[in-house]
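Order of writing sets the labels: A, B, C and D. Residues in every chain begin at 1.
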Amino acid sequence: MRYRGAQWFLTGVRRYSTSNDRNIGFLGLGNMGGFMAANLVKKGFKVRGYDPSAEAMKKADKNGVIGANSVAEAIDGADVVISMLPDDKVVLETYLGKDGVIERTRKGALLIESSTVAPTLPRQLFPLALEKGKRFTDSPVSGGVMGAERGALAIMSGGHKEDFERALPIFKAMSTNQFYCGDIGTGIIAKLTNNLILFINSLAATECLNMGISAGIDPKLLLNIINSSTGRSWFTEEYCPVPGLIPTAPSSRDYKNGFNNDLMVKDLELACSMALNVRSPVPLGVLTAQVYRIMQILGYGQKDFTYLYQIMRGEASKHKN
Amino acid sequence: MRYRGAQWFLTGVRRYSTSNDRNIGFLGLGNMGGFMAANLVKKGFKVRGYDPSAEAMKKADKNGVIGANSVAEAIDGADVVISMLPDDKVVLETYLGKDGVIERTRKGALLIESSTVAPTLPRQLFPLALEKGKRFTDSPVSGGVMGAERGALAIMSGGHKEDFERALPIFKAMSTNQFYCGDIGTGIIAKLTNNLILFINSLAATECLNMGISAGIDPKLLLNIINSSTGRSWFTEEYCPVPGLIPTAPSSRDYKNGFNNDLMVKDLELACSMALNVRSPVPLGVLTAQVYRIMQILGYGQKDFTYLYQIMRGEASKHKN
Amino acid sequence: MRYRGAQWFLTGVRRYSTSNDRNIGFLGLGNMGGFMAANLVKKGFKVRGYDPSAEAMKKADKNGVIGANSVAEAIDGADVVISMLPDDKVVLETYLGKDGVIERTRKGALLIESSTVAPTLPRQLFPLALEKGKRFTDSPVSGGVMGAERGALAIMSGGHKEDFERALPIFKAMSTNQFYCGDIGTGIIAKLTNNLILFINSLAATECLNMGISAGIDPKLLLNIINSSTGRSWFTEEYCPVPGLIPTAPSSRDYKNGFNNDLMVKDLELACSMALNVRSPVPLGVLTAQVYRIMQILGYGQKDFTYLYQIMRGEASKHKN
Amino acid sequence: MRYRGAQWFLTGVRRYSTSNDRNIGFLGLGNMGGFMAANLVKKGFKVRGYDPSAEAMKKADKNGVIGANSVAEAIDGADVVISMLPDDKVVLETYLGKDGVIERTRKGALLIESSTVAPTLPRQLFPLALEKGKRFTDSPVSGGVMGAERGALAIMSGGHKEDFERALPIFKAMSTNQFYCGDIGTGIIAKLTNNLILFINSLAATECLNMGISAGIDPKLLLNIINSSTGRSWFTEEYCPVPGLIPTAPSSRDYKNGFNNDLMVKDLELACSMALNVRSPVPLGVLTAQVYRIMQILGYGQKDFTYLYQIMRGEASKHKN
């Protein structure tokens, strides 16, 4: 075994056993990453984390994450690196830049890239990582901030199956569902596909609830009918855009602390780019991206994406600050 | 009691109690109506039915429905008339034409119009029926042929609430969910709203499954991920367009015996007309209607609507007969 | 000759000669109708006009239109009635209501209905008018307020060809192009078809100019390239949404005094209803209607429709009020 | 250095004068490139051309183009290289591969890249060319095969202005309009923008003509009305999709020898990618791309793009071979 040494070989212990991966370097401790790192700490992993935001670092410290002053400090000596970063550009810099993850991590380290990026990005990093003797997997998550907090995410993972199996104990500390999706890049493809369906379903419910209510049906009754019938979806059951019908939904707290329109548009645009690349027609997908992009241009990027309901009712100004 | 006379009042029997409504005239014994009438017979109602199709009449006879040779023969003496007819035009003729339901039924008869029509139609018939001393409700159903067969429909009903209550024992013989939606026309509005969401969700899942599969994810795995995640809907759980994934779905039996594209387009166009009338923006709704209308123009009107998946994959010709 | 008498027959004068139609009753003296009536006066017709707006009546008076205090007063004794009314409802009341045009006009009068309405409306009025011995034609106009002012409209007319020919001298006083389109209703069909193309072309140019400019091309250069190339249209040549490029366009005068979004949406919705009726797929048409409907919901109904350009650039607030 | 040395300086001749650029290497002699090269020959340029297709080479030979057996042979000693290649991949290989244009051409050579590619591609090649002492410009063309044949193209060019001026005599030999658009990449941006408008206008006219004709208007009359009114565009005047109305249009020759759907979809997808990159909403643009992509999936990629009209009328099978 090139990168684990003879000692490991002799003991006959299964390659990449859980016990070997105790030290985790965590890059990106934002809304999602912060909770994910905290859950790893709770399950007994030693997590060294880095984020450029002082506030994020402070919060992570409270949750038992060991603070690092740089990417380099967070990943030195780590068995596993998890990155949860804002976009393609930051991921590229973090992995390929000076003191980048691919170069600096120790041989045999498992690199888990969980950011939501274009599928082409993990496909570009994968061979470079392997060439340097590291393992690499794209493993984005689904389930939102609430799922991250509760350790109830779904993780979709692409790359070598043995690396997925190695990562499983770590994944299980943060999630309730783990899917091995196939070759490198398929994790992010699966995630973008699921999200595109979700966002179309959300616009469907938003425009149709508005129509039905405008046509004279009581909102609560209408949602009840839909959720007992063929129109129901995760979105109508958990995330209704009409205030007051689902107490835990962002619409019931003035559209705050949800999944904001800016982030959603990023996901939608990644999905549309992917569709262009595989030359798949997604008529509703592209139209949904346009509608939420226009919402962003109108100045509502920081509102939960379900705020579109208020815009469609002509009530947007009343809520704007 | 205003319209039944003092005699009824003295006996203390509840107005329109179940026991009074035993004789049902059933108009339209097609795929849906045939099973609905059969379920009424099973629950002990005396059902006299009429349909212009000899085959439908023969099937109804086997199910214990008493055959009538005309609309007039079916409704004479009926306490309740249920109509399940193909479109607005037939409903208009049946209710307002020579020997029409509104004129010919006995005073106090309850007219349950269950066809899928424009919301304006029940609103037009309602006052005419009341003027003649009849009761009228729009009570369309949801749940498809399979729901009709199993007595597991949902019924959405508009009109006077007392008429909804009177109809409840009859509704319960055919359905598992019954909703009183409000004023006349709201039953059909609720149904069209639910169906529009369903059909948008169906196109969403169809185009996105195709995209994800084209991008390299295994179909079964992808559906599994979606149904464990935020992209799930009634459609992805019960009615997947990819053959072989859901054994009971039409896609798993060469797209036969489902809800055909012709009927779906009718529903979509009714919903879009309603949206125009209430001036509600439904961007995904109108686009969905366009896409399935083009499927119809391409010659696939008699296939289950999920056959669109094969068209999108460029495999349509292989399935065409 | 039922409605001209034997005398006419004997003289051998061509039926409906120009010289017979000197007295015109004009209903609706708004932006369009006001200029049309004024042009008829200029060409020597005697025009008696009515509009519920005092301001419109005052303006008409200055242009030589004889003021009437009611519809009845305007049409009594008229050879020809022209109506230019805001919507289907007003047209219905004006023609079929108490003292309505169809009942009250003299036998043989030519009724020219020029309002933009659903094609079903003239088809409904036509036989009623003929039954009462009147002539009826749907003759909507195209060319905007500027065209109306200059007498440079296009008129598209449906009904009996002999009535079109009778109306020609009147049409020529108000327009530069006159088209006989066929049976009753085809005038309005032709107009709605032309307008739907125009409004799609307008959104096409608006979104693409915005894209090209965002991508770094100089606005004036880009419009110049388009107008020298295959992308040009009447809209890009005459009505560009970018301020300052075409001096006569509403965009160059703060989007005022153009064709306002409210009126445009009405036309779009009539066209989409027609498309639903003839079951013709118009994917860009329905989407265009949705986009401009949303503009209206956002509160810009009174701005020229090209103001959408500012909304798309995220500059809407700067122009509002 | 013919145009950089002292000799040039002393004579005071304007830098890059026409007389210096007589030897042209032409890469890609297909439908467009073949005619462009022929026009250069006619205007007295010495053109050495290469194309992998034997048929293309034969045709070029007839037109006076000197045949080369490879890219290298075509460009050796050339003052100017023009490339008219099928897609991004071929352009990349031709410019950057072994014996690529950027490496092999002589210092000072002007490289005119006229293929329709992503705007990012010329931006990538530009600095590499300059580093090697070459000049580089993106100069795509508009006007179709007919425009290429007649020397009546429009050329949109990005890069250094002095290079545009140097190229002008060459451009004028092939085109009637030449536009300097700005920095490198703006030529292709301008072209894609114009084409996106064109293709939306084309779908607009196609769906609306179909609607108007379905609603009962004579096709010739309807086109005539549109072309006299506000709905007109280059597309309705020159390229109508209804057979027989415009004799020179592909629709009048069984949709052959036009701009085929495959090529059009490539342009549409490039434009949509660009819109995603600059984050500009193009709702009609993305929908148009989806509709023509579906046409391609249906198997009509080799037909002129206006064949969509037949598909929309449900007449596609009658024309299919």
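The rule we apply is simple: a contact is a pair of C-beta atoms (placed from the backbone, for glycine too) under 8 Å apart; a residue touches a chain by one contact, two chains touch by 3 or more.
Quick caveat: nothing in here was measured; it's all calculated off a predicted structure.
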Any chain in contact with chain B as well as chain D: A, C
Contacts common to chain C and chain D (chain labels): A, B
Classification of the chain A:chain C interface as same or different, half of numbers criterion: same
Using the stated contact rule, I'd like to know whether B-C or A-B comes out ahead in C-beta pair count. A-B
Chain separated most widely from chain D, comparing mean CA positions: B
CA centroids of chain A and chain B: separation to the nearest Å works out as 41
Counting in whole Å, what is the centre-to-centre distance of chain A and chain C, each centre being its mean C-alpha position? 53
Can you list the chain D residues in contact with two or more other chains? 279, 281-283, 287, 291, 294, 297, 312
How is the touch graph of the chains shaped: line, ring, star, complete or other? complete
Within the complex, which stretch of chain D touches chain A? 269, 272-273, 276, 279, 281-283, 286-287, 289-291, 293-294, 297
Per the contact definition, I'd like the list of chain D residues that touch chain C in the complex. 119, 142-144, 154, 156, 177, 179, 181-183, 185-186, 189-190, 193-198, 200-201, 203-205, 207-212, 214-218, 221-222, 224-226, 228-236, 238, 274-275, 277-285, 287-288, 291, 312
In the complex with chain A, residue positions of chain C that touch it: 287, 294, 297-299, 311-314, 316-317
